[in-house]
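Before I ask anything, here is the structure I am working with.
Each chain carries a letter (A, B and C) given by its place in the written order, and its residues are counted from 1.
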Amino acid sequence: MSDLSSVPSAAPTVSAAGLTLRYGGTAALDDVSVRLGEGVTGLLGPNGAGKTTLLRVLATAVPPDKGAFTVLGNDPGTSAGRQEVRRALGYLPQAPGFHPDFSAFEFVDYVAILKELTDRTARHREVRRVLDAVALSDVRSKRIKKLSGGMRQRVALAAALVGDPGFLVLDEPTVGLDPEQRMRFRELIARAGEGRTVLLSTHQTEDVAMLCHRVIVMVRGRVRFEGTPAELTARAAGRVWSSTERDPGAWAGWRTGTGSFRNVGEPPEGADMVEPTLEDGYLLTLDGESSEVAPA
Amino acid sequence: MRRVTAMTRALLPPVWRSLPRRALAAAAAVGLLLAAVPRLQSGPPDPLVGLYSLRAAALVLALGLAFLLDDPARHITSAVPVRRPVRVALRVALVAPWAALTWTTALLLVPESSRPPAGALTLEAAATAVLALAAAALSIRRTRTTEPGAAISTWLLATGVTAALLLPPDWTLFVTPDDPHWHSTHDRWTLLLIVAAALAARSVTEPLRGRPFRRPSPEPL
Amino acid sequence: MSTALETPVRAAGPTHRPRPWAAVFALARFEARELRMNMSFLALAVLYMIWIVWQTTQRQSDFPILQNVDRGTQMMPVLIGLAVMLNVNRAVLRSRRRDTDRHFDVLVVEPWRRTIAHVLSAVPAALFIAVCVTVQFTWAALKPGAVGHGSPAELAVGPLTVLLFGVLGALFGRLFLSILAAPILLVLLLFAMTFAAPPSGNNWVSWLYPVVSETGSDAFPSDLLERPAAWHVLYLVGLALLVALLAVLASGGRSTVVKATVAASLALTLVGAVGQSGGTPAGSTPARERASVTPEKIRKCVEHGRSSYCAFPEWTGRTADWAAVVDRVQKLAGGRAGGERLTVEQRLDARYGLESDTLLPPSTEPGRVTVRTEWGGNRVPEFAVAVASVLVAGDEKAGTEVCDARVVTIMWLALGGEADPMSALSNVRVGDGVSGPALVLSPTEPFSMSAEQTRIVAELLKKPRYDVAGKVKAKWTELTSPETSMARVAELLNVSAEGASDGDACDE
């Protein structure tokens, strides 16, 4: 049930219609249509919702069984079009691999060559620029196997950013980062979103709340919500309340640090209503379908 | 002691499952194929073909064994209370009977008329295999690599071919049985086996302290 | 880590134009650098260069025969080829092993173009070998003692072998996803090369392997080699191209151009293979027959001093070196022998092919000395032995049959003028000893030396040369008579004669 009433204000840079992809009997993507514009779009959903599959399709890693999409005006359905899409693409896969014996510089340089940045001087300048951008300048000659997890993640982001792509696909880029690194990453991604189309999948509603101007929620291979973070939050208006006991009528409820319970769902009469957050809106959108947040 | 036995028994199935069995099986298959070459040849028996096919088989088996210590989960398994020598010994113990069986089959595959002295060739094969294992163990001790097999197999091949092409006649390791230096050469093989075994034994122990000398990190570009 | 973050705001417009081939070359340069910095490659390259220097500075290499030197450059690059193959293979498999495939597969440079880059990354290594081979050959060619003619086709085999191995590494990487496949296939390849079809060069199968280095005891004049070297180069080029294109095909480059080029390179390979299929003749050819049986029709004779030196055309420059040895030996001889006119004849038996170890029969005509095609190192004292035996016994045939006390005279004449006579003595004897009985090598048939003769010769060689030379010249007739006993010779030359009575090689 995609919310087409709130399309991006500017013309969409990436638009997909009816994307379907099946693995065996299960549909990883089931008739997915999305439109992305400039800025950062967050992709939320429980595990197995098809987020990574959607990102892989949009990143041209796997062609869809059905449906079509365009990226910056190019159709990846043709060989030439796919090359054009890839020329404009920055991709950070989930749990990216590295060549441990390469230095950070060498690795990003390697990716830059694979992105057809062929002029040596200009390419090295570009590699240094993106390594600067992710604050890795002073470790760029270190072998990747000697870098910490957060640094590696930033190497991967640099590899995605190199060549100044117009469309960035980031699959859970903030996994495994400490809070400070996460803040730094969010800032990086937010800035990367200026003038670019960024699609970011995450499990962190905070990430979405803090840096996305649009959000898509996927459940079981379908788009359950598409709109702004504020709209998602608004879905929970009047549907979040606090109680001293677990409320059996709530879709989801959990004990907070203060000892009271926070419930989402249809509130009973006279409930102690509280200000909704994006997370509440997200949980309500899931409609109790996430395995992580079991109904109380 | 009983705890160690029980633990070893419990460890056997998972260690067996974590062995790079495909690499080992492939090496064994190719080794046997090589050993079968003299039997497939027509014409009068040629002892040189027997000798070289067994040497090639030994090298291939050693190449397979170079992958024995490959453990993608090494960073997890290296922090468990079961010591590395035990874990390595388990791997070796699980593979040793198969290796011995393969080698014996290889020896028997070569027709008797063209079979070189089995004892001496077994010594060569054992020394090569232990050398491969020792190099892998050393690589694991000295570096953070989880899968030293690829690098070690390159190294082993390069060393073997270099030794065959470039060792001066007084030091050569590869002679034919009719060579007067056959026995003295196999004294060198014995020495090589002992050195490799000692190196392997030394390398499987886990160091308690870091190396006193560490390379400074390279300058940024 | 508190560096201020720069804003990676998107620059306006595209930053680069699509230049598909430039990316392939940039990637090839990158991979070539990875290969160059690899320890196993570096170590073997250093070893190879050390080998070239060692090989070329050996005493035996002072008189290189260029049609053999060119073939001598072929085997050692196999070692480098091995490192190149395994490293290219690992580079091809790297992104799969390190799980960067998921990322790289969506990058602009597709797998088949990456394969081309991997193939090209072996080219600098091949060029490095080409430079080394050129240096090795030029160094030998510039030596004053160099004779003969090299062949560019033979010199090209080393670099092409390295290229072929590198390309095979790429193909194996695309066909087999296991890192173990390449080493095992390499062992099979080396085994096949050295054994399943030994590089004997006279059957068509052996010419399918990259290096066919046929070596025997004698160097042939270049027009008798009859190796299909140029066809073989064509074959190697075609094969390298074919393997490279198959690797491209295996990684998804299935365009018509690629398929057409595969067909073309296959044709090239087949043409080369058919062209070389005759191989090197194993036995005689009319030219070989002529050079072996009636060499006088080919040889050119040059006079140096009293004597005449007849050499195959390529060797005429070497006659002066032979003359120097003849003069040195003759100067020590007494009687008529000191002024005898000798004819030194270069001989070879080419009728059994390049790889044969032929024994030349000694010449029966008086005053004729045989010299073979190889020179330098041990060949010099061996030739001196032949000269001395002709001076003492009259002709070569008689010289090789000498077993009595004249052996002492022959050996002293041959070696007395050497700068280091004792090492020359050990060099001409089979087993390299300076005591006990042994066979003595000469350009034709060897003859034997008893323990007692060896002892006396060794003792004489340790004495001052002028001292012995005077006695030899004074007692020349008696010393060169077959009747003279060992004891008498020892007495004449002032050497202790312990057991000299029974020290005759004729008794054995």
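In this section, a contact is a pair of C-beta atoms (placed from the backbone, for glycine too) under 8 Å apart; a residue touches a chain by one contact, two chains touch by 3 or more.
All of these numbers come straight from a predicted model, not from anything done at the bench.
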Chain with minimal offset from the mean of all protein Cα atoms: B
Pair sharing more residue contacts (C-beta pairs) when B-C is set against A-C: A-C
Rounded Å distance, chain A centre to chain B centre (Cα mean): 48
Centre-to-centre distance between chain C and chain B (centres being mean Cα positions), rounded to whole Å: 33
Separation of chain A from chain C, taking each centre as the mean of its C-alpha atoms, in whole Å: 65
Residue numbers of chain A (touch at least two other chains): 137-138
In the complex with chain B, residue positions of chain C that touch it: 40, 43-44, 47, 51, 75-76, 78-79, 82-83, 86-87, 90, 97, 178-181, 183-184, 186-188, 190-191, 194-196
Chain A-touching residues of chain C, taken from the complex the two chains share: 1, 3, 5-11, 14-16, 18-20, 22-23, 25-27, 30, 94-95, 98-109, 114
Chain C-facing residues of chain A, complex: 59-61, 83, 86-87, 89, 91-93, 95-100, 106, 109-111, 113-120, 122-123, 126, 129-130, 132-133, 135, 137-138, 156, 159, 161, 163-164, 166, 184, 187-188, 191-192, 194-196
Residue numbers on chain B that touch chain C, as the complex places them: 22-23, 26-27, 30, 34, 37, 48-49, 52-53, 56, 59-60, 63-64, 67, 149-150, 153-158, 161-162, 165-166
